[in-house]
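Two complexes come next, and they have one chain in common, chain A, joined by chain B in the first and chain C in the second.
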Partner chain A sequence: MLAEKALDLVRELQRSLDGTLPPYNEDKIRQVLEEMQTLFDQNKDKAQFAAEGQTHLLSAIQLRHAAIRRNKRCLLAYLYNRLDQIKKMRWEYSSVLPSDVKYNMCEQEVQWFNQYNRLLANYMRTLGDNGGLDLTQDMKPPKALYVLVRCLVDHGEFETQDGTTILLKKNSQHYLMRAECENLIRQGILEHIVQ
Partner chain B sequence: MLVKDFKKDFYDTLQRQRVLVLVAFDVDALCACKILQYLFHCDQVVYTVVPVDGLQSLEQAYLENAEGIRQVVLINCGATVDIVDLLQPEEHVRFYICDSHRPVDIHNFYNAVQVKLLMREDELSTIPSYDEVFRDDEEDSDQSDEENDDPESGYKKKRFDDESILRRQERRQWNEERVRILFDYTKFTSYGTSVAMVMFESAWKLSKDTNNLLWLAIVGVTDQYVHFKTPRDKYMEDVIALQSHVSRHNQRGSDGESLLSVNCLRISFEEELHLNLYRHWTLFDSICHSMPIACKLRLWTLKGQKRLHEFLAEMGLPIAQCKQQFSAMDITLRSEVKARMQEYMNKYGLENQDIVLPSFSMQFGYKNLLCATDYVLACAASLESLDSSKLQTDNFLLASDILQRSSPEKTDAALEGARAQLRSLVSQVQSSLDMHQIISAGPFLYVFVQEGTADSRFFSQPMSLIRLARFTLQAHCSVTRNKRAQSLPLVLGAPLSLEEGTCLIIGIPPLDTDDERKNFFGKAFEQAAQSTNMTVKCNGFDTFIIEMRIEDRSKFFDALISILQ
Partner chain C sequence: MLVMKRMMIKYELLMVWMQEKHDSAGDYKDELNSYLDQSTPDPDIGVGTKLELPLWLAKYLHRDARGIVSVETPKTYREGYRQILAADPSVVDLHRLGPHFYLAGGKLAVLNLPDTQDVLKTLLQTFQGRFRQIMDGSQNALHTDLTNQVNMLDQSERKLFMAGQRGLLKFQSWESRESEKLSTSSVVLNQRKRKWVGPSKESSN
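Right, the complex of A and B next:
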């Protein structure tokens, strides 16, 4: 059936879990593009005859053209949604993406990501008084300024903003500024204990 | 120095500074730590909690975390040693010691700058006065010595000589007196008010007490009772104080209906059956594993088992019902167990004290009715869990989670652990009695846990060791014909590590001085070790539990016998 493969691509994206990025399906995209090319070539041939007065060909041309446009829409939707997902990941994981996510991106996407990164970083630098403002932190207003954390591994010393050093030893418990330890929690060094 | 005003001298000085909290490995300390953590959360005090299981790890934890720390809170550790001497802190560091171990070291008490004690004042009345133990005139005596060397006239010199001899004599007397006073003071180790209770009362004074904190205080107080740290009178005193808090926090409506929602913590005071874990076990097993009743009926013997069956029959509790999970028992029987036991106990020589303990129970939602003693046993079991893949500190965090009531699964696992502990405890007591291993050495009884038995590893931990020693002594006293047994203390040895060839030795005071719960073995062990020149380690904070090499044991016991005679 016409445009079936393009629909597959969109379905594939929809099937993937929230917050994950499926591998870039280059193979299928190429197939879709080839299909579009053949359709286009056929149309080009037939268009001449139609222009010469064989009006019964017109409906077939119209159908092929609709298929081409549908393919295009599906491809664009596929690419756009992937970019959207990557954008979300930038806000979630900060500027360095995990390697498995990176592996699933195509080269153009990597380029786009880098540019997006640069734009965002430039923008954040202009905010605030000095040194900019990290917009990616505290996406939702935190309930408390401090959190109770538990150390999961021997991490060594950690310097806080006010200059004191804290020894993060396995199984020690600390009550720290949320902003300071948020990153360590994401890295799996600390565990947030909900009271 | 004693902290007089908790808010001004302790709490306010901790604000806006990072605090290091060092916590000992016991349930009471853990509860106190939880209360303190809650207070810190209220006022956003930044802190670090590190569990410590002995003086060595206390020292290490302090060294590791000391950087930039000005305030250190010690919970249930450190009062019995000169903390400034041990840790060699910088001058600006302040120590706040909240410890139930007694006696408090005199240096801690009289250090006005660096050490602050969070304790009840009336419990420190036995401490020797300053003049008796410290003397400020040491320079004087040096000066007079120097003066002696001055070329003065013979007469004057003679007079000085007389004076200095007098002074020296007086000084010697004072020194002897000092040693005597200090010996009297440190002769007995005992325990003061539970630290969780002290912390809770402080929270109450700050108007920050909640039902949750109250439950922690209850658990702390009960822990002291379960591990034989405080006598029954003291326990009752604390329970009465706690009960007024309980009724304040758990008010009920006029028609007996609870005003509180089901989903919050409810605490109630009741005369609880003093049977270990019976809500989470079968009634029959629970009776067999509870110390007072098991010792009175001698349940480890065949005759005792018969008597128990008789007792149950007389109470009208079918044996089939008693041997299934308590929660699955017939509801009418279940609600009458206590009343029936109290009705028929006299015939079997049981007293009210053996069966009923005024205690508290808490309920959270519709499930999880837990009474305080069971809670303590579960926490202690998870603190002393024997899982070798886990670190000690993992156990600490697990017990802390249980106190948080974060997951019922963890609590259930801990209760299972507690049951396993009790089972091994009773079978150990039974085998010591059956094999007549409890031997009278003259001034005391002694018994060794056999090495290599399956259960012996349970007793490498201080809390279960205390319970085992006490159970053994009580069981022995109930069977022996020796009338003196009541007045004999017990020394119990248990293997600690087979690879290193070490064992733990614990000494507990005789039963007839049970009202005081004062233990003289700390000093006795110290002297015995001194007289034999042996290296014994006392790693924990209880001096009556020591660690030594197995081959030194007999020599040590000879010395101990000669000291106690």
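Right, the complex of A and C next:
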């Protein structure tokens, strides 16, 4: 059936769990592009005859044209929604992505992510008073300046703002400034303890 | 428009009954060959054949070059089902009638079929009839208890239901002071789960 592969691509995206990006299906995309090219070539051949007055070919040409447009739309939806997903990841992971997430992205998507980072950083620098406002911090309204955290995995050494280094070992508890450990909590390395 | 793209494309795979129309010039053979109908050995599809086509294709062929196809309303939007929906909308299993009942019905309206007005009116009335139950269910019970109800909803209703559920869950987490707590993002958690499954798969090979 026409445009079936393109629909598969879109379905693949729908099936993926929220937040995880499936690997860039380069193969399928190439097949869809090939299909579009075949249809276009067929149309080009027949179009000449149609112009000379054989009207019964018109419907076939229209059909192929509709299929080409459909393929294009599916491809664009696939690419666009992937980029959207990647954009959301910037706000979850901070500017460095874990390597297995990066593995699922294609070259251009990685470049796009880097450019988005730069754009976001430039924008954040222009806000606020002292050289910028970090928008990715304080995603929930803060209740206190310092927070009590417990470490979930061994993360090595961590240097706080006033210079003291803390060793983050599994199950160790620390009393740190909220702004610094917010990032680590989001990534799952620390755990916020509420009384 | 662009953001909705993913959802919209999925539903457009609905099948629509079609019948090929005569060209006024008389014998009009279409070269719509093996793409459409795998069953016929004949490379051309003659005039007057009835086919099932996806909505996007039917829409295109019906609109621009009227001489190609004419369209009949799909079964689930016809008189019979319309009467069923008018009788009592809240007990009908809309998911079975096509998971994208509302969206596809909206798209059908563009085709300018003779009973378009009735179809649209039915869609509206069905939604009005079912809305109350959806709201009730989503705000007062958890998703797991209501699987029976959720299974009968179509995709757009399910999205509505989930939005209501999210509101309920957020309120509950606020009550239990869990919303004060900073937590790992769900994205990271999901990714962790998948990563953990990886090594065990390799070891089993």
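Everything that follows uses one rule, which is that the second predicted complex is superposed on the first by the 155 of 195 C-alpha atoms of A that agree within 3 Å, B and C clash if a C-alpha of one lies under 4 Å from a C-alpha of the other, contacts with A are read in each partner's own complex, and residues count from 1 in each chain.
Quick note on the criterion: contacts are C-beta pairs under 8 Å (C-beta built on N, C-alpha and C of every residue); 3 or more make two chains touch, one makes a residue touch a chain.
Given the structure is predicted, the values throughout are model-derived calculations rather than measurements.
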Quiz item: If you stack the two complexes on chain A, which partner ends up touching A:164: first (chain B), second (chain C), both, or neither?
Solution: first
Self-check item: chain B versus chain C as contact partner of A:175, first or second or both or neither
Solution: first
Exercise. Report the partner of chain A that touches more of its residues: chain B or chain C.
Key: C
Exercise. Give one of first, second, both or neither to describe whether A:127 is in contact with chain B, with chain C, with both, or with none.
Key: neither
Quiz item: With the two structures laid over each other on chain A, which partner does A:110 touch: chain B (first), chain C (second), both, or neither?
Solution: neither
Exercise. Identify the partner contact of A:145: answer first if only chain B is touched, second if only chain C is, both if each is, neither if none is.
Key: first
Practice problem: Scan A:119 for contacts with chain B and chain C and give back first, second, both or neither. | Solution: neither
Exercise. Considering only touches as defined above, state whether A:153 meets chain B (first), chain C (second), both or neither.
Key: neither
Quiz item: What residues on chain A does chain C touch that chain B touches too?
Solution: none
Self-check item: chain A residues touching chain C - in the complex, by the definition given at the top
Solution: 1-2, 7, 10-11, 13-14, 17-20, 55-60, 62-63, 65-67, 69-70, 73-74, 76-77, 80-81, 84, 88-89, 92-93, 98, 100-101, 140, 143, 147, 178, 182, 185-188, 191-192, 194
Quiz item: Which of the residues in chain A end up touching chain B in this complex?
Solution: 144-146, 148, 150, 163-167, 169-177, 195
Exercise. Flag every residue of chain C that touches chain A in the complex, lowest number first.
Key: 2-3, 5-6, 9-10, 13, 23, 25, 28-33, 35-36, 54, 56-57, 60-61, 64-65, 67-68, 177-192, 194-195
Quiz item: What does chain B use to touch chain A in their complex?
Solution: 18, 37, 40-41, 44-51, 64-65, 67-68, 391, 393-394, 396-397, 404
